[in-house]
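Report on the structure given below.
Chain nomenclature is as follows: A, B and C, assigned in order of appearance, with residue numbering initiated at 1 for each chain independently.
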Amino acid sequence: MSFISLVLIAGLFGFLVLQSVPILAEQKWDFLLGRDWWAGEVYGALPMIYGSCMVTGVASLLVLPLALGGAIFTSEFLSAKQRLWVKAMMELFAGITGIIYGLLGVALMAGWVKDSFGLIDGNTILTAGLLLGIMILPTILTLAEDALHAVPGCYRDTSLSLGLTKLQMIKSAVIPQALPGIAGAIFLGLGRAMGETIAVMLVIGGLDKIADPWYDLFAPAQSIASKLGREAAEAIGSGLQWSALMALGLVLFFMVMFLTMVGNLFLKRVR
Amino acid sequence: MGASTGNANEPLVRISVVGSTTVLPIATRTAEQFVKNSNGEVSITVNGGGSGVGIQSAGSGRADIGMASREITPREKKRFQTPGLRTYVVGRDAVACVISSEVYSSGVHALSKEQIGDIYLGKIKNWKKVGGPDREIVVIDKEAHRGTRHVFMQYVFGNERARAPGARLVIGSNNEEQAKISQSDSAIGLLSIAWMNDDVVGVGIRQAGEIIEPTLENVRNNRFPISRNLNLVIAGEPRGKVKEFVDYIMSPQGQKIVAESGFIPIHPN
Amino acid sequence: MSQSDPLEKFVRGLLGVLTLLAITLLVVIFGIVFWKGAPVIDWEFLTQASSNFGASGGILYQLAGTVILMAGAVAVSLPVALGTALFQTEYLKSDRLKKLFRNLIYSLNGMPTILFGLVGYMIFGVYLKAGVSWLTGTLILAVMILPTLQVSFQQAVEALPEKYRDAGMALGLSPTAMVYSVIIPQSVFGIITGVLLGLARAAGETAAIMFTATTFSGILLPQTWTDPVPTLQTHILVLAQEALNPQAVAHAWGAGLVLLSLTFILVAGALFCRSKMQMESER
């Protein structure tokens, strides 16, 4: 019975690998490093890998101050009852699914980004990053808060009895102890952001190109998940294009698996 | 996988139709009528996805009928040579080069094939180069398998799979394209003429010294250079209710619906 | 101490502001959906079929489709998750294995759902010939929410006070009998929590079902195993792209609010159940 999860993950992985064989045999390293994706001719995954990393990176940068600040405040300065309310709210908001964010993105966020920054169009890396950031905010906040709260009281008592102020105590006693848990929270949040399809697909622009310069957040792009979301129906089942899409899925599998495993590794101290 | 036919106890027949968002309104509206006329014997699901998805679905058996606003490519023909794809023309349509209404009212009323090509190649980046306002052009491209794009690129570059390095956005359905162009005030795109409206205006094509407007009239008399058949694609010989449905769309009642949807019926009379 | 007071106050204030911002941001999200969606929702909206490509009518069958997929997913996943959770807590003794399985289940939880959709379609839809159907969608979703259910169940069973097990053993119950007559009944709150969370997670999922289970038009309620269903999620997806038609967009917001409310109610229910569970275990 328990082997079910093992079977499922192994099955998913194995399936992706098998389906990727044709394209990898055909293009080998050019698949990962190629900057050009044109169905029927060439399949280069680099723009999508770039897109996934960029939007995830933007999301985490934008959300970290809010998530971490919120976690510290909730854990150290709020009463037990207030803390439970915050955590309940965060769990509630963590349940908001991608399509809602997608709707917000298409109907509001894209226009808002376009107008605020005077762009010619609002479907950009920044727009997708903003949406993803808000999406992973509750998750990172609540997990980081768990990590901070789990630091045993003796650390706090010792610091305070040594004459440290509350802030100094947090900075030098609590946070260092909670660091693995906080790192874990961030990695898990990143993993979730990287795997999100719908919200990104609608606002990222769909352009299979690495922006020029690469840090231009106002450029349109394509993440792996959004590429799969848009193109899978076209090629489903067979052919070199399908193999290429499966190989893209395999890359995503590895990237998210890495983030999730590292995150869990850090978090196991807390759980 | 043909339409799931019922037995004597369960006469419900399911027909699945997938593909081009241009043909979708025709399929949906005729399906509604056909289902009504059939007294609950038939149920028809209609979904978008684009011409490529339509042909793929019909060929692989995922759907009973594929909708395509372009012809089947040699690559697709080869891929699905068993059992072989058949095409049934249900109407005619044109693809217009559309621009934001703000640009149109600033004076850009027509473009030549070369100008359109240069814009999509990224050689022309500003509207002022073609007689419009001083604004960067937002070049909107479509997913490569879309029928509308195939037909457009065939006209502009002579190659239905031409690349457009000047593109800023790549979107999917006709609806999405229409929405994006109306949301912008400096956009250019490619769209079925049935989707043109006040915000999304089709430019005339400047060719051999004259300007040909994207109107139904010009499509009827074959003056407009970017026109196409609207097709239903079926794997093998259509049978039973599927055949009846196709026949219905090609009948006078069906063709009336085609005309009402903004296209040209196959037997215009 | 007194020198750092202003700095202390400042940093504390800053942290408070950040927290407030975080909460406000999320409340605003809900507020926008409510503000844009509420005007559209009335009895007709909830009880009529959609028409005119979604711009008129209601969302009755979309709501039904979403519920069918959710409920089906939980129905399939529940026995598996419960069995696995019980196995790991009652029968499995090796710590190493426990850790391994824990890591696996958390990894499964983090998987991008689009991958489930793609691979799931190939396996259930193509090889097992279920096609694009509500059954395919249900099976894929069941796999997806398995970790959510299992983790909840495991927490519930592990939190069970020892006294129940002691009482069972004193009565001479075998491990299996103990499971059926002591552990499951006493973990009811935990099981319900898991079920509600699983339902919430399946409710909003779009990527896994968008080309494996759904149709935009042509079906009201599925009549056979192989029929696709309309769902709220894909309905919103299609309508959201019709920015030119304010009616359609308004309906998208309305459907979004219904979906959001559904998820909220389920999660709130789960939180309530979990607090009850914690109260029980503290007795």
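Quick note on the criterion: a contact is a pair of C-beta atoms (placed from the backbone, for glycine too) under 8 Å apart; a residue touches a chain by one contact, two chains touch by 3 or more.
Bear in mind that the values here come from a model prediction, so they are computed numbers and not experimental data.
S.K.: Of every pair of chains, which is linked by the largest number of C-beta contacts?
M.R.: Counting C-beta pairs in contact for each chain pair, the top pair is A-C.
S.K.: From the C-alpha centres, identify the chain that is farthest from subunit C.
M.R.: That would be chain B.
S.K.: I'd like the Å distance between the centres of subunit B and subunit C, where a centre is the mean of that chain's Cα atoms.
M.R.: Here the centre of subunit C sits 38 Å away from the centre of subunit B.
S.K.: Taking each chain's centre as the mean position of its Cα atoms, how many Å separate subunit A from subunit C?
M.R.: So the centroids are 19 Å from each other.
S.K.: Scan subunit A for residues touching two or more other chains and write them down.
M.R.: 233, 236-237
S.K.: Which residues belonging to subunit B are in contact with no fewer than two other chains?
M.R.: 62, 172, 180, 183 - these are the residues of subunit B that touch more than one other chain.
S.K.: Any chance you could list the residues of subunit C touching two or more other chains?
M.R.: 241, 243
S.K.: What residues on subunit C touch subunit A, complex-wise?
M.R.: 1, 4, 7-8, 11-12, 14-19, 21-23, 25-26, 29-30, 32-33, 36, 80, 83-84, 87-88, 92, 99, 101, 103-119, 121-123, 126, 143, 146-147, 150, 200-201, 203-207, 210-211, 233, 236-237, 240-241, 243, 249, 252-253, 256, 259-260, 263-264, 266-268, 271
S.K.: Which positions of subunit A touch subunit B when the two form their complex?
M.R.: For subunit A paired with subunit B, touching residues are 38-40, 111, 120-121, 123, 205-208, 220, 230-231, 233-239.
S.K.: List the residues on subunit B that touch subunit A in their complex, please.
M.R.: Per the stated touch rule, the residues are 49-50, 52-53, 56, 60, 62, 75, 79, 135-136, 138, 143-145, 161, 163, 167-172, 180, 183-184, 186-187.
S.K.: Hey, which residues of subunit A end up touching subunit C in the complex?
M.R.: Residues in contact with subunit C: 1-2, 4-6, 8-9, 11-12, 15-16, 19, 65-67, 69-70, 72-74, 77, 86, 88-93, 95-100, 102-104, 106-108, 134, 137-138, 141, 163, 165-168, 188, 191-192, 194-198, 202, 225, 228-229, 232-233, 236-237, 245-246, 249, 252-253, 256-257, 259-261, 263-264, 268.
S.K.: Flag every residue of subunit C that touches subunit B in the complex, lowest number first.
M.R.: 53, 131-132, 215-219, 223-224, 226-228, 238, 241-244
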